[in-house]
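See the structures that follow.
In the two assemblies presented below, chain A is common to both, partnered first by chain B and then by chain C.
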Partner chain A sequence: MHRFIFRRLLMMIPIVIGVSFLIFIIIDMIPGDPGSNLLGPGARQEDIDMLNEELGYNLPLFQRYGKYVYDALFRLDLGKSYATKKPVVTEIANRLPISLTVAFNAILFSLVFGVPLGVLSAVKQNTIFDRIPTGLALLLAAQPAFLIGLVLMLIFSLRLGWFPANGVASWKSYVMPMIALGLPYGGRQLRFTRSSMLETIRQDYVRTARAKGAAPRLVIWKHAMKNALLPVITVAGNSFGILIGGAIATETLFGLPGLGSFIVAGIKQKDVPVVTGGIIVFAVVFSFVILAVDLSYAFVDPRIRAKYSGRRD
Partner chain B sequence: MTDALVFKKESRLKEVVRRLKKDRLAMFGLAVICVMILFALMAGLIVPYDTALKMNLKLKLALPSWAGGPAGYWFGCDGYGRDLFARCLHGSRISLLIGFATSIATLAVGSLLGALVGYVGGKLDDLVMRALDIFSAIPSTLFAMAVVAAMGPGIVNICIAISLTNIPGFVRIVRSSVLNIAEQEYIEAARAGGASILYILVKHVLPNTVGTLIVQTTANVASMILTAATLSFLGLGINPPQPEWGALVSEGKEFLRTAPHLILFPGVMICVASFSMSVLGDGLRDALDPRLRN
Partner chain C sequence: MKKVMKKARTALLAALVLAAFVLPATGAEERTLNLSTLAPLTTIDPHATTNIQDIMFHRQIFEPLFFQNEATGKYEPRVAESYTISPDNLTYTFTIRKGAKFHNGEDVKASDVAFSLKRAMNSPKVRSYTASVAEVTQTGDYTVDVKLKQPNAAFLNNQNMILILSQKEVEAQGKEFGTKLTLAGTGPFYLTSLQHDVEWTCAAFKDYYRGEAPIRKLHYVPIAEASAGLIAFESGELDWYIAPIANWSALTANPNYKTELVPANHISYVAVNYEHGPLNDDNIRLAIACAIDKDAMNIACYDGNAVNADFMVPPQNTGAPTKGVVYNYDPEKAKEYVKKSAYPNGTHVGTINCSAGGYFEKMAQVLQSNLADIGLTSDINRLDSATNLDMARNQRYDLLCTGFSPYGDYESIRMYSYTKMKGAYMVKFEGDKFDYRTMDALWDAGIATTDLAEREKIYSELSDWIAKTATLLPIFHKVQPYVWTPDLIVPVNYPNYPQVYEWSWAKK
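On to the complex of A and B.
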């Protein structure tokens, strides 16, 4: 088990290096240079050149990338933002918790309504208790998060004034982003739970449990649920990337100072350290989420645990 | 023998169509999406493109005609007094084009790459899959935004950016179904008969993944419409005066308090298109593989 975790952690290193290199090159291809972006269109060329030199942007691409990797590895320094001159590491440390709060709240919210409704619609297949949740799930999954966010904003902050439409003042600021992001995601969760549950309740061991006279409720919640939820966990973890994508639009809409909106601003200004550093952190978080999902799998399912602690692959 | 083969293919297709026809929700989705495509194709005949760009400050934020607004403006007007109906209609051309074009590009690249690495395996498989791991570790919206920023705005570049973010997932799906097929005896027979890799891939492997490909591509159209809308909403998409559903919602959010109809109409368009494509995808999945029907 420890070897499995260690191997997975090692595998993250090439991924992070690859991500940083890819993003570094793509951001470098954005037309313009940070000096003229920061000083505006009326600036003199000497000033622009001087600022670029100060930012270290005058060096060739590979030299800059080499310095970036060296600083990141040996000094744990992801550079300074071109625009604000603040260290990227501190900015990320301030902003990542906000993004993670939004994302995890949304996952939790989506599971809280997606899983029980999914189980219900599977157990009551082809009745009204199946049709309504399934239809609802389809409808929700077809919405972009920012649109739900706008509707919520219109109703609950502009009309009713219950929740703030902008910024992070208190826990109230997180409610609408959570719902906006969690609803479409929960729709997908419901559909997965339903199909996974339907598959499970047809398995032999479920029939056996029924045949030996276990209470129907017990069969569903104890025997079937545990197995049906495995794929649901995987889907929840693996779509974390999609969720972060939706989270970016939601953060921007609700004016939350999260990591996503930070990177979006960085892309628009060609702020290489901000974008590279921010995306590396997202990639690391994503890798850890996937690892956690795989481990939770092993935790629940002895067959998989045996596979992990056994020989390679 | 050839006759028997052809006859069998036809009957399978007919069977799928027959099953799909029975699925009322899927047929509804198909009908809606066909109507939308038809309207998008004929947009220029219904309302000239200039109408979608013509500003008229007298009509700023006008309500829809049926809600007491000026006659002839079914969806009202936006913040510059532009006809919202014309903008939604012409926007559908771009949104649907992006949705379908990216799905087809993903299908073409993803299925070939997935089939190749799944069938060949070994070092190539390792190399490609590790490279794809890198791509999938980057949040797709941010990756697409960075690519659009690097290549410049424009429909073709948006399509490339969105396709790039979706290819890794598609490759994985095709690869795993190819891994199953590659073990079958008829593939071994073809290989023993001396057929080339390309021949086996195109003639034996890919045809057996057609079901997966169709279902995945249909579902992709729905999610790509949403991705394109999100990109434009974040302000890195098409060029501003051009109408696109996500961009229209983004423009409308400035007037959320005073004129919510500005986000209502393009928003409903996004949902209806995406919903129709996903119910059609579900129906196709059930029709192609009745065992999956729950």
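On to the complex of A and C.
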């Protein structure tokens, strides 16, 4: 198990270097320069040149990249934002907890909502308990989080006044983003759980458990559920990773200063340190999440645990 | 013991009665004004940004020497109480207001003013406003001389963009100035908390030389999404808001809100790159100018609430022309121009560039339709704003729908045509096509002339010169749809930058 974790952690190094290099190349290919973007229309060329010089953007691409990698590796410094002049590490440190909170709660909500209904739907296949949840799942999965967010705002902020429409002042600020992001993913989880469960409950070992006289509830929750959960965990893990940096529309709508909106703002201003730093952190967090997902298989399935333990090797 | 208890009870009762009368009044006075910006604050350093959202806030905590009132165009003394100009129009002597204090409690001195102006001269973000300044000298504790390279009639307008900072506070924070709380301003409010991308708060500055602001506390949040902002306003989270124009009718019909449409100090225009293909033909450009239906663009972009523009700067700007060459919607005349051109049967005029996501897209669609009506075909290219800007600067466009906020003087539009401003201009006039030297000379004459009537005459001539080229076509001045709660008194809603100091809560 330890060797497996160590190997995976080691793999992150080339991933981070590759991601940062790609970002540097891609941003360099985008027309324009940070100086002209920051100064806006009507700025004089001499002022643009002066600002680019001040930002270190006039150096050749590979020199800039080399300096970036050196600072990142040996000083743990991801540079300063061209726009705000604040250290990118600080900016990310402020934003990452917000993104993690929103993503974690949304995934938790999607699981709480989707898994029980998915199980019910599978167990009661082709009944009203199946059709209503699957119909609902289809409807929710097709809705963009942005739209759900607006509807929630109209109801819970404007009409009822229960939750603030904007900001991160208290736990209340996270409720609507959690539901807005969680509902579409919940719909997807419901469908995954249903199909996975349907496949599992037709397996021989489930039939055997039933034949041995085990209570139906025990068969479902103890025998079938553990195996049916594997694809559900995979989807939840991937979704969590994506939500950390990808919930841009929801962050914008609810005024959440998360990682996604930070990276997008950086792209718009050609703020290289922001984009590179943001995406590196996103890649690292995503890698950790995928590692956690892989490890969680071991807890659910003893066969996988055995493989991780090296017995297969 | 009983007596003591009785006395204590009486004292407690008296305190409660007093509190009942006093506390609500204090509470009302201390009520926080909730405002929003469209983007997080990039910086607190006013010399390190040209972002209009930043400036809207900076104007509450920092001040220039002289403030140009956006509504009247007049200059009002702020950090300086007066100024004189030398007979050769080359030296401005500012007398600093005695009694003006920074938020740290220290007096504003000439040294701070000289420091601020010199700092601005070295900042890439704002140094264009000090381009005409040769030297800044502190001549006394409360006097500063600003020597210009050549006479500059727009100097006062330019210094309006340079906000005065405490040298001590700026130097104490060093490179971190702009990223954290500061007491470096002289404005009516000072910062009390700061999270650039979440929220920031201010309190009224008790020692402000014009008197403490009637509203004591400000709370700002950045809300980028217009619908979310409107919901925040309607649910009571905001007290004053620049609403989306699409909701204007509903807001004005609601008796619970106060509303006002104020023309912004902004111009939306179409730039024509005469160097590209058929656009080099004078008749084709004139046809385009006459084909544009400004009313239709106004309706498409601002539900008809914007102000159609005849000239490139709104009339409240110093030196803005009020009469001259103007193109009005006349499709028949446009068709005649097409017939007279080298392309009598119409042609493809190229691509209309615009930034994606805003109203410029709608402008581009109407323009495409207007051109099609006179037999000119075109494509639309929606670009991210950075790419659009880069292409415009490098003359990589055929037609461009865009906009600009002047800052109070006709001179502020110079960069879009003056040939010595490479990289800034949208139309490159330098070449064989036009007598660009005349245009450049008019720009130079306008800035060197201090007599306002004479300046207006020069700019009128200049405006006509540019209009005749049919390359920079003004469309409309957009409007600011302001909406606020009825218990908030806002004497004047300004075109771009609110002056919260003038606001107060209605007495109940």
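Quick note on the criterion: the second predicted complex is superposed on the first by the 303 of 313 C-alpha atoms of A that agree within 3 Å, B and C clash if a C-alpha of one lies under 4 Å from a C-alpha of the other, contacts with A are read in each partner's own complex, and residues count from 1 in each chain.
Note that in this section a residue touches a chain if its C-beta (ideal position, glycine included) is under 8 Å from a C-beta of that chain, and two chains touch if they have at least 3 such contacts.
As the structure is a computational prediction, the values presented were derived from the model and not from experiment.
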| item | value |
| --- | --- |
| Simultaneous placement of chain C and chain B on chain A, clash or fit | clash |
| Contacts of A:Thr234 with chain B and chain C, given as first, second, both or neither | neither |
| Contacts of A:Arg44 with chain B and chain C, given as first, second, both or neither | second |
| Which superposed partner A:Met153 touches (first chain B, second chain C, both, neither) | both |
| Contacts of A:Ser296 with chain B and chain C, given as first, second, both or neither | neither |
| Contacts of A:Phe286 with chain B and chain C, given as first, second, both or neither | first |
| Chain B versus chain C as contact partner of A:Lys268, first or second or both or neither | both |
| Chain B versus chain C as contact partner of A:Pro31, first or second or both or neither | both |
| Touching partner for A:Pro164 - first (chain B), second (chain C), both, neither | second |
| Touched partner set for A:Asn58, first chain B, second chain C, both or neither | neither |
| Touching both chain C and chain B, counted on chain A across the two superposed complexes | 30-31, 150, 153-154, 158, 252-253, 268, 270 |
| Contact footprint of chain C on chain A as seen in their complex | 30-33, 35-45, 47-48, 50-51, 54, 83-86, 94-95, 150, 153-154, 157-158, 161, 164-169, 252-255, 257, 261-262, 265, 268-270 |
| Of all residues in chain B, those that touch chain A in their complex | 130-131, 133-142, 145-147, 149-152, 222, 226-227, 229-230, 233-236, 246, 249, 253, 256-257, 260, 263, 267, 270-271, 274-275, 278-279, 282, 294 |
| Contacting residues of chain C [partner chain A, same complex] | 36, 40, 42-43, 48, 50-51, 124-125, 127-128, 131, 175, 178-179, 195-199, 221-225, 227-229, 231-232, 234-237, 384-387, 389-393, 402, 404, 415-416, 421-424, 426 |
| Chain A residues within the chain B interface of the complex | 14-16, 18-19, 22-23, 26-27, 29-31, 122, 125, 138-139, 141-147, 150-151, 153-154, 158, 194-195, 198-199, 241-242, 244-246, 248-249, 252-253, 260, 263-264, 267-268, 270, 275, 279, 282-283, 286-287 |
